[in-house]
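In the two assemblies presented below, subunit A is common to both, partnered first by subunit B and then by subunit C.
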Partner chain A sequence: MNPELPQQELRRNEMTAPEIADISLDALLRRTLQREDAPAGFAERVLAEATRRQAGASSASASARRRTFAMPGLRFAAAAAVLVAASVGVRYHAEQQERAQGEAARNKVMLALRITSNKLHQVQMHVSQMSTDDSTN
Partner chain B sequence: MFHKLPLKIATAVLAATSIALPAGAQDIKFPVSLENLAAKAKETVDVTLDGPMLKWASKFMDKDKEDDAEAKRIIQNLKGIYVRSYEFEKEGEYSLSVVEEIRSQLQGPVWQHMVGVRSKKEGDNADVYVKMENGQVNGLVVIAADPHELTIVNLVGLIDPDQISGLSGEFGIPKMTGKPHAQKGK
Partner chain C sequence: MTPALANFAKPLPLSAAADRAGLEFSGLLRQHQAMVFSIALRFLRDRSAAEDLAQEVFLQLHHTLDSLASAEHVTFWLRRVTSHRCLDAVRRKRPETVPLEDSPEPAAPARERDGMLEARLWQAIGSLPAAPRMIVVLHYQEELTAEEIAQTLTMPAATVRSHLRRSLLLLREKLTRMTESKLKQESTGGSQ
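Entry: the complex of A and B
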């Protein structure tokens, strides 16, 4: 027996083949599943990268918006559309108000003429009644 | 101090305008005692329509409706319509002095007392005055006073005499028959 061989090798010589395989697998597993610490500064690098990507995305959309509204024609069209919508709304409201006032004035005229008509009719009835009374007396 | 001057001038102009405007179109001035009756009345009708308002109102009249078409025809030459009508719960809630105040304004040469009705039995009083200018009827005042109701109507402007009699046949009111008798009293 070689005295230079390590103790494990000595033992391997004494073990059966499956036992040897078990030992190797165990060692392999232990090495594979061994906890390893992250390299120094890994968390900082991950956070920095995430922040960089987020900033990149928002600045891209902002610059896209800027590019869109930097087009003079489009800016003018948007302003014109807002103005047209506002003026249509104001005009519609004014027309509704005018119509309501006109209808109210019309109703007042009709009421006034109805009262006048009614009173003139009453006067006529009185006069007719008096005429009848005069002719019978 | 100076900055208050324009405000004072504006106030004076506004005050002058507000006083002058009602007298401008109206033939008669409704006395304050008449306007105050609104506080006592069960029902009040207060119509004040000047020329521009009448023109405006006529735009909203439907020519296919009989009453609207007739009203449009009547108001086309009018400069104003003024109506005050008060209905009272009980008798004697207004003084006849109010009516006298109005009648006193209709004494001028242009005013003709067309019809006067005095009914002692029912207590009804009614007067119709027309304003004659250049041979044309240029205004109409109707005063109808009964124990529970007082109504004053003033139509200002050119009125076709046929329209006056025709008025009683319009707006759901039966048409007059015969001609009214002037200055008839009882």
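Entry: the complex of A and C
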């Protein structure tokens, strides 16, 4: 038997209630507010629920995709959008080709005009040279 | 490991970021379940409500884990989300202050080592308004400083300190009153 215990009890009985509360409140709070283990099986339940929700979420998104494409109106709209995009693309490509061809033809004409102009210039120079020679003779 | 738990030995798939940080959900769940459950239990004083709340916190963690960079961040996040969910639950449920006389006995069965004083203290903590009660729980259960509590609850540290001071005065006063009335009862009973 611990001989200290009766002494402690004696001292405790001599103290007033406020004194007891004052001294022990901090320690009492720490003891009362200690962590407590989660209930048995808590982790298993959470993991099962997480797995269930994860499976539910992925199947929900898959079925949402299926539902979306199962709607006839939406299917028609998607097909129409693809067709419009394709025709716009083809038209754009054709226009680009036409523009490139036009540009090439214009360049050819410009080159031909430059060559002709050079030739004419040379002829003109030649003629004026001849007329100068005639007048000096 | 129980057979049910063995089924979950393979970790649930997580993002690459969480994987890099070595954060594995089932490990974190087992590591922190006592902390989350205890904060909810001490605050709500209802075992079943605390378990539901703790479960929702962990399911939210499972959803959010890829945005958490480290183990410390996870601990901080868990305390923060649990505290805020507790405060929200009380706000939704009823007016936050309950007179001590009307305050119910804890729904959770008192642990065997709980003495009369601890049970009374538990009751007195339950009578505190929501924010000071959460501050007391975080300070004494989680041993957080005023600054850490301020970060967790998103409030100034000075406010936390003032709540803590006033809560301790209030608890001391209530406990003294309870102890005196108990002693009076005993002496009246003894003299008869």
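Methods note: the second predicted complex is superposed on the first by the 77 of 137 C-alpha atoms of A that agree within 3 Å, B and C clash if a C-alpha of one lies under 4 Å from a C-alpha of the other, contacts with A are read in each partner's own complex, and residues count from 1 in each chain.
Quick note on the criterion: a contact is a pair of C-beta atoms (placed from the backbone, for glycine too) under 8 Å apart; a residue touches a chain by one contact, two chains touch by 3 or more.
None of the values given here were measured: they were computed from a predicted structure.
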| item | value |
| --- | --- |
| First (subunit B), second (subunit C), both or neither touched by A:37 | second |
| Which of subunit B and subunit C A:114 touches, first, second, both or neither | first |
| Touched partner set for A:91, first subunit B, second subunit C, both or neither | neither |
| Partner chain(s) touched by A:75 [first = subunit B, second = subunit C, both, neither] | neither |
| Partner chain in contact with A:52 - subunit B first, subunit C second, else both or neither | neither |
| Subunit B versus subunit C as contact partner of A:25, first or second or both or neither | second |
| In the complex with subunit A, residue positions of subunit C that touch it | 2, 4-5, 8, 12, 25-26, 29-30, 33-38, 41-42, 47, 51, 54-55, 58-59, 62, 111, 114, 117-118, 121-122, 125, 136-137, 140-141, 168, 171-172, 175-176, 179-180, 183 |
| Residues on subunit A engaged by subunit B in the complex (per definition of touch) | 99, 101-103, 105-106, 108-124, 126-128, 130-131 |
| Sites on subunit B touched by subunit A in the complex | 45, 47, 49, 53-54, 56-61, 67-68, 71, 74-75, 81, 83, 85, 115, 117, 119, 124, 126, 128, 140, 142, 144, 151, 153, 155, 164-165, 167-174, 176-178, 180-181, 184, 186 |
| Interfacial residue positions of subunit A with respect to subunit C in the complex | 17-18, 20-22, 24-25, 28-39, 41-51, 53-54 |
